[in-house]
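Shared between the two complexes below is subunit A, which has subunit B as its partner in the first and subunit C in the second.
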Partner chain A sequence: MSPSFRPAFAFTQEQIVVAITLALLVLFSVTLDSFLTAGNILALIQNVSILGILGVAMALAIIGRGIDLSIVANMAVSVAWVLQLSNNGVPIEIAIVMGLGLALAIGLVNGFLVAYVEIPAIFATLAMGTVAYGFVRSLLLEDNLIYLKGAADTWFKWIGSGQVVGIPNSVLLFGLVAVVAHVVLRITVPGRFIYAMGDNPTAARSTGIPIRPLIVLQYVTAAAIAFVAGVIAATSVDSVETRIVRSNLVYDVILVVVIGGVGLSGGKGSIRNVIVGTLLIGVLVNGMTIMNVAYTLQNIIKSLILLTAIVIDSLMNPRDEQTSQQGDI
Partner chain B sequence: MRETLTRLRYRLVPDHVLGEILAKNWIDNAIPFVILLLTLSIFGALIPGLVTLGGLGGMSAQFGELLLVVLAMTIVMLGGGIDLSVGSVFALSNFVTLALFNMLGWPIPLAILAALACGAAVGLVNGFLVGYLRLRAFLTTLVTLIIVRAVVDMLILAYAVKVARPSTRSAIWDFISFDRVFGMPVSLIFALLLAFAGHIFLTRLRPGWYILAVGGSRRSAYNAGLPVRRTVAMTYVVSGMLAAAAGVFYASRLNAAGSDTGVGMEVLALTAAVVGGNSLGGGRGSVFKALLGTVIVLIVSNSLIRLSLPTGGSSLVLGLVLLAAVAIDVKWLKNRAKVLSRVYVSPTYMKLGRSPDTAEHSGSPYAVNDRLKNVELIGLGEIDGPEDPILDAQGNLYSGTRQGDIVRFLAPDYTRKEVFVHTGGHPLGMAFDRDGNLVTCVAGMGVYRIGPDRKAVKLSDQTNRSWFSVIDDSRMRLADDLDIAPDGRIFFSEATIRFDMSEWMVDALEARGNGRIICFDPRNGSTRTVISNLRFPNGICMARDGQSFFFAETWGCSISRYWFDGPKRGKREVVIPDLPGYPDNINRASDGGYWLALVGMRTPAFDMALRKPGFRKRMVERIAPDEWLFPNMNYGCVVKFDESGRITDCLWDRSGANHPMITSMREDRGWLYLGGVSNNRIGRYRIPGADPEWTAAASYRGEKP
Partner chain C sequence: MLDHGRKAMNRCILAAALTAIVGLSGLAAIAHAEQPDDGLVNESAAAMKGKKVGFVPIAMGFDLTEAWAAGLKHDAEAFGYDLSIRDPNWSVDAGAQAFSQLISEQPDVIVVHPPEIQAYTRLIQQANAQGIPVVTMNLKADANGDVFIGANWYDIAVKQTEAIVKSCGQGSGKSGKIAVMQGVLTNPTSQYGIQAIEATLKQHPEVQIVSNQAADWDASKAHAIAVTVLKANPDLCGFIGMWDNMDVGIAAAIKEAGKTGEVALVSSGGGNQASACDNVANGNFSTYISYDAKGQARDLMMAVRSVLQSKPAEPGTKSIALYTPLKTITKESNYPGACWNLDDVKKYGP
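So, the complex of A and B:
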């Protein structure tokens, strides 16, 4: 539906989500004693900033009509390797470069598999997540849980745990990543090309856009952003738990992206949608945690919300028998 | 010397077999089969005792369960979707069975039914969301995976201990749990039986075809009026039930519900389905592929456990296997047709004799003239592809067309035209039998008889399959020309068994004996191949002795005679060894001779190319079909020969304006009617001095020469 034909009283998905977020915020503030405290709000934003940064990476892939299910595995193993290296005496700067290199390499393989081998993104990245975890865990890491010991007293620790003028670094970095990603997507040539590619890959290809290198760039960038998220996560809790790979985190990331209004069929949405989605989930999860809702029940609630979001997405961007693509699952 | 080697090499090595094997449908199973052999040999070497009955038998209990789950995944994939919730449904069904039987004391059949119903219910939710609401299968079933898993986790948290304690005993339950039939666990027997039923369902029943059609192309299935949404939804329901059945067997085997039951099963099942060769995105796959994939994955995963790799090692290997399988699948699907088109055409060596001179005033019997320049034209622009015109007793003119009709031009002026009958394929050679029925070879369909009442009857569309042919040569691909023996037997030529009508000329590049002559006997309805390995056998005409016929081999540039009866029965003689062009149909002439159409002229370049198979192979592989060197097909020439093979007359259309590429001619009442398979007209030429009473029918009855 193009904006000009939308009735005046209708809301966009983004506006609805903002409204629900505000309503929840008010509801929780009134009903939950400990919700509206400075400490809790800070914790809330800090918790979701990781999710938000991963959401930016995922949004990048989805806008270009892809998906990256390997970002959680990628962030976990690459940062775990950084900690492992620094624990073994490698200077933290060099360890970071090596870890970033590992993350970018995984992204590069993702991009290669999707762009050149032409494996559907969903499978390529799913399998790559498993391969990356298996490879790093069995050959490079000594344990599932890697602690931040070697670089505990350096500036590295400050990345995730420090703050500037009272605002936690993780929040600032989320803002920074979001702003940079937004500017890149909106203003630069590759950013515009990613939108074009997500909107209609065949047309984009016909107009001369180098689709394949662009896809590779997309996954490499997503990997780099995931690495940033991983560094923040590791330095804020002083460790990396690689078994996070087996958790539902990556689906939470998809949830954040889709619920904010980024269309799964690509070419639609922006970073702003990710921020909106992140806030809703942050408020929701925080409230549920304070209410002592069991983890499994939280999963069910989040899943139902995600399901609702994709039903709405599918109703707003309908696919029918005439427009659906072969092999588009 | 070198040429002799070339000749021997192309005679001894059957190059064409590779392309024919690649064209087979079962070749899709070759890749998973090779992977299976590879896994067996690799892990068999790594783990002593793996490839023994004991080693493999230890997996058989899991095998049945995994097979059911893989079948669940496969049926959804065939319909163009994916079902990630199978692992959770497996766990749910396991819990439900145990809870109802152990905790609540339900009778076991009821408990099993309830578990299956739970699976079906989850499948119905998936099916409704994906089939009717058109959600994306991957994400939707991912969400149901998480929800169902969370529900199971909550239930297990509350009831895990109670569930595992049996309160009653049941003979059925014990049978399912412990008994072995033919040395196999009940679950495996059940899964194999179900796999067989699934195979029948998918390949022989209408709903199964619908699933494959929807998976193959949702849009086409929708436009063809298939119930796309219902079909898709049903695949998920079936999938849910299959996964639930696997869960029941798991419950009977382990009698415990843990939070890790069925975790990661969806990835295992997906890997198995894809490794077996079932396509992501649907439409291509089978139960057998699922079976192959299950065996492979089971061996790999069990071996990885036994090898006790470091943590993450088995993830690495399984992920790599999945990636490799999908990559092979994607690339194979994309490039199979390309590879096939490169490999399929396989030229052989052929050396033709010297081409007779055709120059004007050369004194050659083939000397060029222009006697066909001013022929009368019939049906100009109204018909397309009159390969072999024929006339009935009343003088009406019949001809096949490319559109699949036989049209009739009415005597005496042939200006009025009507569709005599619609056959559906391009009718080529024709002949009238004694009762006035029109018998015709229809390209791609076979031999048909059309009565005066315009009723078409299929006479024959398959012959005996030859033992060593890779291609199924029992079906007729390109029936070309026919003639009827005095006893009613129909002898007809099939030009090639390797190419269809649309690409018949490509057969010229091979110059192999791909064609054959087949006999249909109306007395007992049998069809037998009489002569095979002919180089594009084309025209057939009964000789006047009633015991033999002449036939033309187009790429062989020769006319032969074959005796099917009498003292010389079974003998074959070359009558004209080297023609200057490519012969097509042969028909009787009023002076006791036989008319022969030359569809094109030989050229020194192509004659030389025939002696260089390597050159033709490179040509086919490297350049576009439009640029290929084909035999010249642009001349119009009709010659007449007598029984000894001597050329007695020759008619040319020198400019090729009216009748390029004459494929047939018929003499009737002093006229010669000319047809061409790609012409848009029939020509009529007054034969000087011909008997104005002579017809082919009279000649067959022996009333005229």
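So, the complex of A and C:
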């Protein structure tokens, strides 16, 4: 479909999602007494901050025409290992360095498999998530559930549970990660290269962009961001449950990225899209929780919205010759 | 015959060794001394030796299943039965597969820990039909099998609700608003628990459920929901949580809101030290109903011993219920032995 077939009044997907979010905000503010308070709006963002940070990591992979299905496994096992090391007497600073090292190593293997072994990202990272979980769970972790005990009274605990001038740290860290990722993608040379690579890898390569090292960098960065998300999650609930690997969290992450308007075909979208998508889910879930909507119904509503987003995505960002040859991912 | 001969010879050697040692040092305590046959000990041991026991937990690696497995491992070693643990790691499909695989291997007893009420019902009936006795652990399935060992979820939720009524009901001077955090909706914990909560609250109309949500046993999800519920209901009086590992997320949300001690949190679980008593001691949980997984491990050991020694004539036709005695743990009743420690149970047995 050539661009000339698009309706002239078309909105971008991001604009549509912003409109839906604002409509929900107004609806909830009018109908729910306790919705539009500073406390609740901060709580709303706090509740989706981990989702949002993982969304930033996922967006980075998707914009570069990849995907990282291993981020949830990576964050769970690397941070669980940090807690366990510290519970066993390792100073928390050293435990963090070791855990981060583990996360980066998993990212490095992802990047290597995608860039050099040339396995499609969806398979490489899907397999790597399982391998990382199985390896770390059986060789390094004593339990599925690791409590934060050794470092419970240190600055480490403050990361996910503290606040600065009334704003929860997790909200601030989400903002920080988003700003840094935005600046890197928009201003720095590797950031621009990731867009180029996502848009057209062959052309990018022909112009001399070092595609393979760039792919490795992309997955290592995604792993580092996932580690940050894991630390916040662990310190906010005093524990890591590695069972989260088996949950639907990674699909929720893809949901916020895609719904915000980052095209699965790569090269399109920005961190702003991730924030928009995250806020939509945040507002929706927060409102439904206050209204005490039954759990099953919440899932139906959430998944209908994913479906709508994907339909809109395919209408707004039509397949081109390249995607029809290479597939969407 | 051969065995008999060898046994006789062993006895001779043993006797000779005994004489020698006693003669040399005058010591009589020998580890390998054989117990005289009292008419039961040898017979019961022989009935268990070489038998096959299969165990399909929801997953290994968490307090409940690790404690139960520690009990079975202890007995497998002591009585020489063969124990096979198939870990489906939280996958219902993989669990069902492992269960049917076990059935085809025809063990002498299968121990299952059903992830939800319906998932294993047909398989339990199938195992029984093939003459294999089935022991179900802690989560009741629609088919009872031969022995059920575990908590009575209705009873637990009644006790939890009574505890919350004490904190939030008449005479407490509180709002009476409470929130319920369920785990997975198809799990018996929720299915029977929610009925018990609603039935108990009928007698206490002053206590109202303002939020009833599910968090998939995930502490982070429970945390997110609790943060919202606390903001939306500033006068919330308490939470009922359905599993300690998830409820720490609610506790973290209460702490963040600066309301520890003010908002009650009634939790339940297997009563291991780190999840239960530590959280009662530090004020995270105001009341905790323990179904003592260490005690369950012992119940399981005994049930398996009993089924191996005396196999039901027609497995599945007569079910025995061994409901776990519940412990209510509060700051006042948090005595040093109220909880158990997984490392110790693994090391020293239940």
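Following the convention adopted for this analysis, the second predicted complex is superposed on the first by the 304 of 329 C-alpha atoms of A that agree within 3 Å, B and C clash if a C-alpha of one lies under 4 Å from a C-alpha of the other, contacts with A are read in each partner's own complex, and residues count from 1 in each chain.
Assume contacts are C-beta pairs under 8 Å (C-beta built on N, C-alpha and C of every residue); 3 or more make two chains touch, one makes a residue touch a chain.
Since this is a predicted model, take the numbers as computed values, not measurements.
Enquirer: If we overlay the two complexes on their shared chain A, which of subunit B and subunit C does A:Arg137 touch? Say first, second, both or neither.
Expert: Both partners, subunit B and subunit C.
Enquirer: Please indicate which partner A:Asp238 is in contact with in the superposed arrangement: first for subunit B, second for subunit C, both, or neither.
Expert: second
Enquirer: By the touch definition at the top of the document, which applies to A:Leu297: first (subunit B), second (subunit C), both, or neither?
Expert: First partner only.
Enquirer: Which partner chains sit in contact with A:Glu93 here, subunit B, subunit C, both or neither? Use first/second/both/neither.
Expert: In the superposed model, A:Glu93 contacts neither subunit B nor subunit C.
Enquirer: Report the partner of subunit A that touches more of its residues: subunit B or subunit C.
Expert: Result: the larger residue contact count on subunit A belongs to B.
Enquirer: Jot down the residues of subunit A that show up as touching in both complexes, subunit B in one and subunit C in the other.
Expert: In the superposed arrangement, which is not itself an observed complex, subunit A uses residues 137, 144, 294, 296 for both subunit B and subunit C.
Enquirer: Where on subunit A does subunit C make contact in their complex?
Expert: Touching subunit C from subunit A are residues 32, 34-35, 37, 39-40, 43-44, 46-48, 50, 137, 143-145, 147, 149, 161, 168, 233, 236-239, 241, 243-244, 246-247, 285-286, 289-290, 292, 294-296.
Enquirer: Which stretch or stretches of subunit C touch subunit A in the complex?
Expert: Answer in residue numbers: 59, 61-63, 66, 89-91, 182, 185, 210-214, 216-220, 222-225, 227-229, 231-234, 245, 248-249, 251-252, 255-256, 274-275, 342.
Enquirer: Any idea which subunit A residues touch subunit B in the complex?
Expert: Spelled out, the residues of subunit A in touch with subunit B are 113, 117-120, 122-124, 126-131, 133-139, 141, 144, 248, 251, 254, 264, 294, 296-297, 299-300, 303-304, 306-307, 310-311, 314-315, 318-322, 324, 326-329.
Enquirer: Mind pulling up the subunit B residues that touch subunit A in the complex?
Expert: Listed in rising order, the residues are 80-82, 129, 133-140, 142-143, 146-147, 149-151, 153-154, 157, 217-219, 221-223, 228, 267, 279-282, 309-320, 322-323, 326-327, 330-331, 334.
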